[in-house]
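Each of the two complexes below includes subunit A, the first together with subunit B, the second together with subunit C.
Up next, the complex of A and B:
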């Protein structure tokens, strides 16, 4: 009898566990809220840790925030190493409605996912009431961080992306300066190839970041139609002449102007090919500048050999990266604390700090490049000066395409390179995948 | 003459056999050797020529591994969490498996089928409910939470192995114990468990390895540095635009050594008990 009673009791406990798991009741945010001494703790998960170049900046901002708001607010940093791991965890928390008070949208468009669940705090009135904060929003930043006329996020980092070239290899091939037009660019590729130098460092895996930068630049500069496409969020039609023509050129780049390991290779392989002097050009953002003087990745004098350029036809990628947003919390005081954190983390001081410590491009054009930053990152100053001359600008293709297309690009680019697919079929594959959204 | 020909053929076969075995050993060991070798190279050496020997072997990778990520801290957590969850898993599942193997009761086969079915549920499907349960129990970001989850995650495999093991033990042993006056509990702990040593070791090793290597739940169910396990530390070395491969491979080397030792020490028991229980009394 006792055994049966025990069995029933254990069964009851098991069922209770099941019901707890399947229940829809929102549970308390772990390790966030008000402590006994009245200090509000903000649990802040971040992927900017470990080898991430922004890790020291975030650590410094947390330290400064905790000092400035001592006794009132405190940030508790949760390190989530690896960008993909961060996105995965935020998605699980989205599913359960347990988002942390502050989320960094970064390049993963987490804002729209959170908005779809109505979990984001509208910052419009708060930003408009604060002239200092409002002044940091450029038109592009407003577009990136707003939906339906309402401001939901605040950017700290700009994304100004051109390309880098190896001055020594250019000189060996007799090339004096980066190309001004695409015809000249492909002529330079031929010249480099004839001199026995691989012109381009490219990749195809992990959504082919480096390759798609060249590809998007060609689309954006092809015509008004191409530029309009690049400025469209989640475009669904890749079957148009400018796109097909650009993909044909990408195919040529992969077949004739890059290293063997580009097919199936990741960003690391492309970076290594440039850093080791095996390829003459790589498209990438200023965050790579630090690598040029990292002796574990390249030679000590490599930084002196690198020049920067904007793309042919006066194009540069220029769009702020989606910023920090505040999520709805049961405790209004926690929301207030989260807003204070977002304001602090995206302030002019924070942007300046990122510039000086990491070589990060500020989201706001009103943040000036200090003498310290100019001395530490002369190539960044040179590049930003070139970028200011660009007449055609847009966001990068990876940031605007439907997220399911990122894998399609990685899968189909090797087939494009091998000739198994032609440009039209590649574009059709993207259009088909976009139609699934 | 014929005898000589046979001997030559045998020798050829023997050589071929050893060549084949050497190839198998090479295939099995190459990834481990490659990782260990890469931990002494630089980023450029790894990416330029992955299979070449390090030009100037360096311990920088190991130094960076210990600086960039709290690997030793996570190592300690992994040992505690994996050991406790393995012991609990084997203890509880041995009890359950013994009942499934020996007792007859209504719904036994259905219950066994349901428990075994857990083996085919994808881990990602469990993420949300497990996250909610652990939150509701107040076990988020605790070692206890992970221990509970790992104990349960290894349930189907341990049950399968241990039930097979108990089925292979002759009933006469229990009957002799009962005749000598032992009760149900004593018979189980003093007679049956020692007889099922092989199966217990096998289940324990598999549970240990799965818990030691598990990543997703360790990521989702923890937030601070007090409960995180070793696999998470490996993510500290690669980001979208930055990487430190020597440090990562050094960390991988540190991470896999315990698994290799555990398997090397208990491999005979694992292999033998995996085949045990296939013949029912």
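Up next, the complex of A and C:
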């Protein structure tokens, strides 16, 4: 009898054990919404944390926002290290229709994914009713953050991207100034190579950020057709002459003008090759400027050796990074709080803060570079001055291509480099992959 | 002692409920959603019957991933298990230092795959990796390669990352070998069998079941393999090192096509069941007696 009672007891414990975790005490913090004291909490997941260059800026903005809206709104940061992890999280939440009140679109075009699910708050009337906010939208920012004439997002950061070169290595090869044309550019590569200097720091992994910057610049400057392609969102045809010609040049770059570890290498490999003086040029944005004086990454005097340039044929990447957007919430007060946060995070003050703290390029041209920022980031001032002279501009290829092509680029570039694929076959592979969307 | 069998199903109940909730229900959901056009970019789910399965069998990327997965299962079941068994057969005779070797051989298996991936990424690095450095040092520079990014060497290079580390197989087979009754081995010795003949005709047949079990483990390990490939080659160059889990992830993450990704998931389950059934039948793993 005792045994039977014990057996039944054990069985009961096991069944109870199963239920553990199904219920239990609710979490102390509300997921998002109004707490007992009337403060509306905005849970904000972000990858701009830890070692991310924008982390100090976001932390400061959160601190200032919570002070300004004390007793009314409060932001709680949810740190998600790694851009890819953040994108994965947002995609999973998109699948369930349960997005955080504020999402940063960044360079991952999350806005269109959220719009496809009809989860984004239309900001058009709110922005138009606020002259100060509206004034921060340039034409380019409107294009980036609007769909079908409606404003859905607000940018804080611009993306003006050229390239950097090592002045010492250029001088060793007898090169006096960055190339003005692509023919001159490839001649300079030959000259550097002849002098025993690796001309380019490139990569192929993680969607080949550095390599695709050179590639896109060649497409954009090839013709009106090439520029139109670069300004198209989610293009699906890579089989055209300008593209094939540009890919042929990328193939030459990978075969003749870069380091061995570029094939299969990530951005970090390319950056390290440039920062260690092993390669003479790297295409990248101004956010890299801080690295030139970071003694944990390079030598103390490296910053003095670096010059900046726009691409040959007067081209520069110039497109605001897709900004913050507000998602539809059951609680209208939470939506209001989220709108206040987006406005605060993309204000002229926020853009100025990003510039001064981390050298981030403001999304709005009306935000002037302060004397402090100019003193801290002279190379940024030099580059922005050069960029203002550019006559051809577009967004970068990575930001506009279908997301499944990012992996295809990384997988096929090594085959292009080895000669297993020719330029036409590479372009066909991209077209085939685009057709799957 | 008399066992009251009526209690057995009752005590199995918690495990069955757990299985149903955690595995069976999601598995059914995966199958059901594989019958829908279900994308992150779509407004909802549209029933399309077996269209995703039709696409699967016309998809060259799937064919390549399936081929790679099957080849890796074969390699793992044969080369990896054979190596682990061979080492176990040496160690069960307890040569000097056998305990050290047993422990040392297990170490790579307790390091996380992410760390192993990073280690091999550096070993195979074309610029400063140890393989190319050694080849250069001994005057064989013409043999240097970008091992992980050249289509001709990527597949064998990635395979090498896991095929040599058969610590689990060695441990399991060794444990079984050490439990063989001494009298059996002595009888073989009395009958004039050489050590090699004893291993081949006495010990190995007695290890058949545990070898079968390790083969099942090896096959399922290959069906789950993701992180090592993702870190080292991400399935490239081209689709040279893409397997089914990596293809599934690419479809989910890149195309945002959950329906098709789940179709690949269903196929992975089917292959797993087939592989386990074949191995179990071939080696009679579930038979009562030797």
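Here is the rule we go by: the second predicted complex is superposed on the first by the 407 of 437 C-alpha atoms of A that agree within 3 Å, B and C clash if a C-alpha of one lies under 4 Å from a C-alpha of the other, contacts with A are read in each partner's own complex, and residues count from 1 in each chain.
Criterion: a residue touches a chain if its C-beta (ideal position, glycine included) is under 8 Å from a C-beta of that chain, and two chains touch if they have at least 3 such contacts.
In this text, all values refer to a predicted model and were calculated from it rather than measured experimentally.
Applying the stated contact rule after C-alpha superposition, one finds that A:63 touches neither subunit B nor subunit C. Touch criterion met: A:95 reaches subunit B and subunit C at once.
With both structures placed on the common chain, the touch criterion links A:349 to neither subunit B nor subunit C. With both structures placed on the common chain, the touch criterion links A:49 to subunit B but leaves subunit C unconnected. Of the two partner chains placed around the shared chain by superposition, neither subunit B nor subunit C is touched by A:134. Subunit A residues 17, 88, 95 lie at the interface with subunit B in one structure and with subunit C in the other. Residue ranges on subunit C touching subunit A, taken from their complex, read 7, 10-11, 13-14, 17-18, 40-43, 125-128, 146, 148-151, 233-239, 242, 250-251, 253-258. Only residues 7, 11, 14-15, 17-18, 88, 91, 94-95, 112-113, 116-118, 204-205, 259-261, 263-264, 402-408, 410-412, 414-415, 417-418, 420-421, 436-437 of subunit A touch subunit C when the two sit together in their complex. Touching subunit A in their complex are the following residues of subunit B: 42-44, 47-48, 60, 68-69, 127-133, 135-137, 140-141, 216, 219-220, 223-225, 232-233, 235-247.
Contact residues on subunit A toward subunit B in their complex (touch as defined above): 17, 20-23, 27-28, 30-31, 43, 45, 47, 49-53, 76, 78-83, 85, 88-89, 92-93, 95-96, 98, 107, 209, 267-269, 272, 275-276, 278, 284-285, 287-288, 291, 296-298.
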